[in-house]
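These notes are about the structure you will find just below.
Chains here go by letter, A, B, C and D, matching the order in which they are written, and residues are numbered from 1 within each.
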Amino acid sequence: MNTLDCNISNIKIDPAYRLAAKRSVDHTTIVRVGHIKIGASALTIMAGPCAVESKKQLLETAKSVERFGGQILRGGAFKPRTSPYSFRGLEEEGLKYLKLAGLEAGMPIVTEVMDTRQVGLVGAYADMLQIGSRNMSNFPLLMEAGLSQKPILLKRGMNATIEEFVMAAEYILSRGNDQVVLCERGIRTFETAYRNTLDLNAVPMLKSMTHLPVIVDPSHGTGHRWMVAPMAKAAIAAGADGLLTEVHYRPEEALCDGAQSLSPEEFQKLMEELKVLAPSVGRKVGKDEGILKN
Amino acid sequence: MNTLDCNISNIKIDPAYRLAAKRSVDHTTIVRVGHIKIGASALTIMAGPCAVESKKQLLETAKSVERFGGQILRGGAFKPRTSPYSFRGLEEEGLKYLKLAGLEAGMPIVTEVMDTRQVGLVGAYADMLQIGSRNMSNFPLLMEAGLSQKPILLKRGMNATIEEFVMAAEYILSRGNDQVVLCERGIRTFETAYRNTLDLNAVPMLKSMTHLPVIVDPSHGTGHRWMVAPMAKAAIAAGADGLLTEVHYRPEEALCDGAQSLSPEEFQKLMEELKVLAPSVGRKVGKDEGILKN
Amino acid sequence: MNTLDCNISNIKIDPAYRLAAKRSVDHTTIVRVGHIKIGASALTIMAGPCAVESKKQLLETAKSVERFGGQILRGGAFKPRTSPYSFRGLEEEGLKYLKLAGLEAGMPIVTEVMDTRQVGLVGAYADMLQIGSRNMSNFPLLMEAGLSQKPILLKRGMNATIEEFVMAAEYILSRGNDQVVLCERGIRTFETAYRNTLDLNAVPMLKSMTHLPVIVDPSHGTGHRWMVAPMAKAAIAAGADGLLTEVHYRPEEALCDGAQSLSPEEFQKLMEELKVLAPSVGRKVGKDEGILKN
Amino acid sequence: MNTLDCNISNIKIDPAYRLAAKRSVDHTTIVRVGHIKIGASALTIMAGPCAVESKKQLLETAKSVERFGGQILRGGAFKPRTSPYSFRGLEEEGLKYLKLAGLEAGMPIVTEVMDTRQVGLVGAYADMLQIGSRNMSNFPLLMEAGLSQKPILLKRGMNATIEEFVMAAEYILSRGNDQVVLCERGIRTFETAYRNTLDLNAVPMLKSMTHLPVIVDPSHGTGHRWMVAPMAKAAIAAGADGLLTEVHYRPEEALCDGAQSLSPEEFQKLMEELKVLAPSVGRKVGKDEGILKN
């Protein structure tokens, strides 16, 4: 049983997003990333550092993520940064560390691609391509990602309406790639107490409009490490199919986003809390859940 | 066990809101409304129609609210409406129906006061005074509500920052009244797919800053009846102490907010879902929970 | 010639704001405050301190305002402040100083009323009642202001849509008072470089929808003294009928809003610049313009 | 004399945008596009259709733009559209028409580049490259545009803070290209009466922070043809160095943005009004102004 009370009257094939739209109340797409299924009753937990900083940092973090129940390893090799003078990632070297860490920990990897010219390179290492918030309306990149036939993690732009978000997914789908996971990660509002305003209304709304899995990033959605656990639980209660969270083996030493990264112990605690919460909304969570059997 | 991971480093007595600020991590205030305690481990469910429309409508709705586990009856006798030509409530007649319905159903009542001149009148009927979003920065009204010594339900302004919201509570507290419950009800953003953008980040943030109970209104926070249940569950998972929801015995006939009002059956279903969810975050819910014993 | 290119197709009597709506392209209302006409070809300049702080401060400031071409004296006796611990105005003593300063300088006065219970008192001293941003949706206050038969300066709420703003005016008009001036004063957005985001789009939009005069407050709309002059000129170029600006005889000593208050010299310079600009958009400005004759 | 009252105390070399920051109150950069200078006392008017639709449409429109005083021809060959099913431009064919129209009318051309892979192609035809709102944080594109050594028209992202906007320019400057013009084009707010909320506060703020020219796009900033003229005048009064406006020889037939495109007659009228207004703020406007002499 899915606990989301779907809006049956919402089921209409809107010509504006004809491929992303649900065709029936039960219409859902399962996205496959390596041996992991996203969008089924098992929750999918993607975790890892904001940026790949070193081999040691990544391997240590990956080990903790795997041990405590993370299923997909995240980490940025190409980082969009507001300043041209900030650390912008290890680039191909980072991709190699990701590949290695994924193999060692037995987890598929997801990493961001920022440029149409990088899609081939990143796709050669990654199991799933992330399109970040700043590029949600980078239409050439969406189309190139569509053509890549890789599963795509599409993050909502920080000022994108729900309709624009679904239309961005439609760009990818229209290139013949239906392996798209939507990620709510907070929008920009007047509020300055948090880095972004996590918009959990988006979860039931997106689930009622589209057949695509919807996950939530409580790290960017709050900007505060101590807010990640309550908002992760809220996301799951709202009907999300999984989480994208920042974990760093030593958050206080992180080159970026340290303030919102969980330590391995905090991640472990969150996973334990999710194991208690998930069944109450008809979901399962854990490293042995949501695995392709074959 | 409270599942909220409080931000210990946040504990400082900010001189700007010296009375509302937490004095220690464990500092919480229990607000008492009739025989109901708000802010303890039991969740508080406030429910009822947007507006009091008739004696029959209110008594029927109150009966359902009580039967399915609501503890405080809400209903508007004085309604703030965007248009001067809209129905603005039954006024004192509505207050009388509220009093009667509360007595019949054995529930304390909460209703909105919009004008300093009405505080005495509304206070003569209501167990708790609501200050609505549009009046969150109506400082004379906040001060008058403070002087009334009634418990106050203070709703966040739709463009109020968290700090402004806490400062509005401080206005009430500074008049010697610490019986204040904060209510997140959605903020105004660029998104038009929902009536407001429910800001659940506010729940852990407010809980870490103040000792006051925090509840959530998923009816105004979404504007869509079918979104109320998932967002109500999300609110509880985020750490809210209760809910304020619109229930109408016949939503399709409601004079206002019908689109976001639950039918009695939907309210019953929500309460059943909450009974499953609440223990997973260390809370209890139900009509026999959170009752003052004496 | 009025330089505003009115949207003829916009002229429809919207039933939602039937009294505020234009009935023809040329339909405009002239609001009279003492001997000053607002909404004719002459621009109206309202200026003075944020708060009345002392007799000396007000009389000195009023003298400068009058000398350099201000026509209506503004100053707050009752101040809405975010904190209950901030200076909230001199109250009735402040009203007395305003009355005195207005008489000495030969200028009508405008001052804020925050509470329905104050309308009579403030109306006994002031020539025009200001309803501030925080009270734009304080409907009992709007109705009381309507009944007062005083001219009303209605400021836009910081999160109010244009339609809500016009509906707030409709509340006043529906009580038989058509002497309403609308004031754009900046809205709340994600931008933090300025105190508010001055929305000059509102000027042609309001002028096309309603017959009421529209003025602009570049002091609150920017929060920076040095931005007042360029934005004041922009407001006039956009078609505004006047300005509301903060002037203080010693801005660095102001108890509130010093950072956005012009010194007398800066106000003088602004008025000189406006005298050059106004004719280029078919307007006049100066202390002898816009005076009722008889 | 520049009429902007610069904030002298703002003059500091912020290390975050060390190349874009003003080094003194008088520090300004003149950007050269063909024979046109941007950022001097003469205003620069860029005008043309949203999208290049056909040779006839572009040549006819260009002729009108030139006749009435436009100096740079704009037109989109690659169009970012919310839907993958909308018209996305004539691509290289459109670039050829632009080149031809520019030669025939004697105007340099500016057109959008959306993809790092297109920079060479677009640069082979265009005199100035436009980076659109959706790509303001497309950092690889900014860097590629920087390397191109073409003058760049950088539009503000619809949710970009002023600081992020200046940092985006810094990306271009950090690649050795200081020929950058900033364009305010409206931000996204809660207001739905206009397509965007034109933020004219940005004009004096950007002029005080950076040495780069600042222009304003009142077409996207309002979305309504009839609002373009008042807001164009407001932009100039606020201190803008020029305008970017949509003009179409037959707006009612436009494939995109017809509602906000001026007809040739409306453009002519606007130019006449600007000729009256510009001198009142110390500027000049007209096809013979701002021309490089040699």
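Here is the rule we use: a residue touches a chain if its C-beta (ideal position, glycine included) is under 8 Å from a C-beta of that chain, and two chains touch if they have at least 3 such contacts.
Being a predicted model, the structure only gives us computed values, none of them experimental.
> Quick one: how many steps at least from chain B to chain D, stepping chain to touching chain?
1
> Give the chain pair, either A-B or A-C, that is connected by more C-beta contacts.
Looking at A-C and A-B side by side, A-B shows more C-beta contacts.
> So how far apart, in whole Å, are chain A and chain D when each is placed at the average of its C-alpha atoms?
Chain A and chain D have C-alpha centres separated by 36 Å.
> Which whole number of Å gives the spacing of the CA centres of chain A and chain B?
33
> Counting in whole Å, what is the centre-to-centre distance of chain A and chain C, each centre being its mean C-alpha position?
So the centroids are 49 Å from each other.
> Quick one: which residues in chain C touch 2 or more of the other chains?
159, 188-190, 192
> What residues of chain A sit close enough to touch chain B in their complex?
Listed in rising order, the residues of chain A that touch chain B are 3-7, 10, 159, 161-163, 187, 189-194, 197-201, 203-205, 208, 221-222, 224, 226-227, 229-231, 233-239, 273, 276-277, 279-281.
> Considering the complex alone, what residue numbers of chain C touch chain B?
Those in contact with chain B are residues 16, 80-85, 88, 114-118, 134-135, 137-141, 143, 157-159, 164, 167, 170-171, 174, 188.
> Provide the residue numbers of chain D that touch chain B in the complex, in ascending order.
Listed in rising order, the residues of chain D that touch chain B are 188-190, 192.
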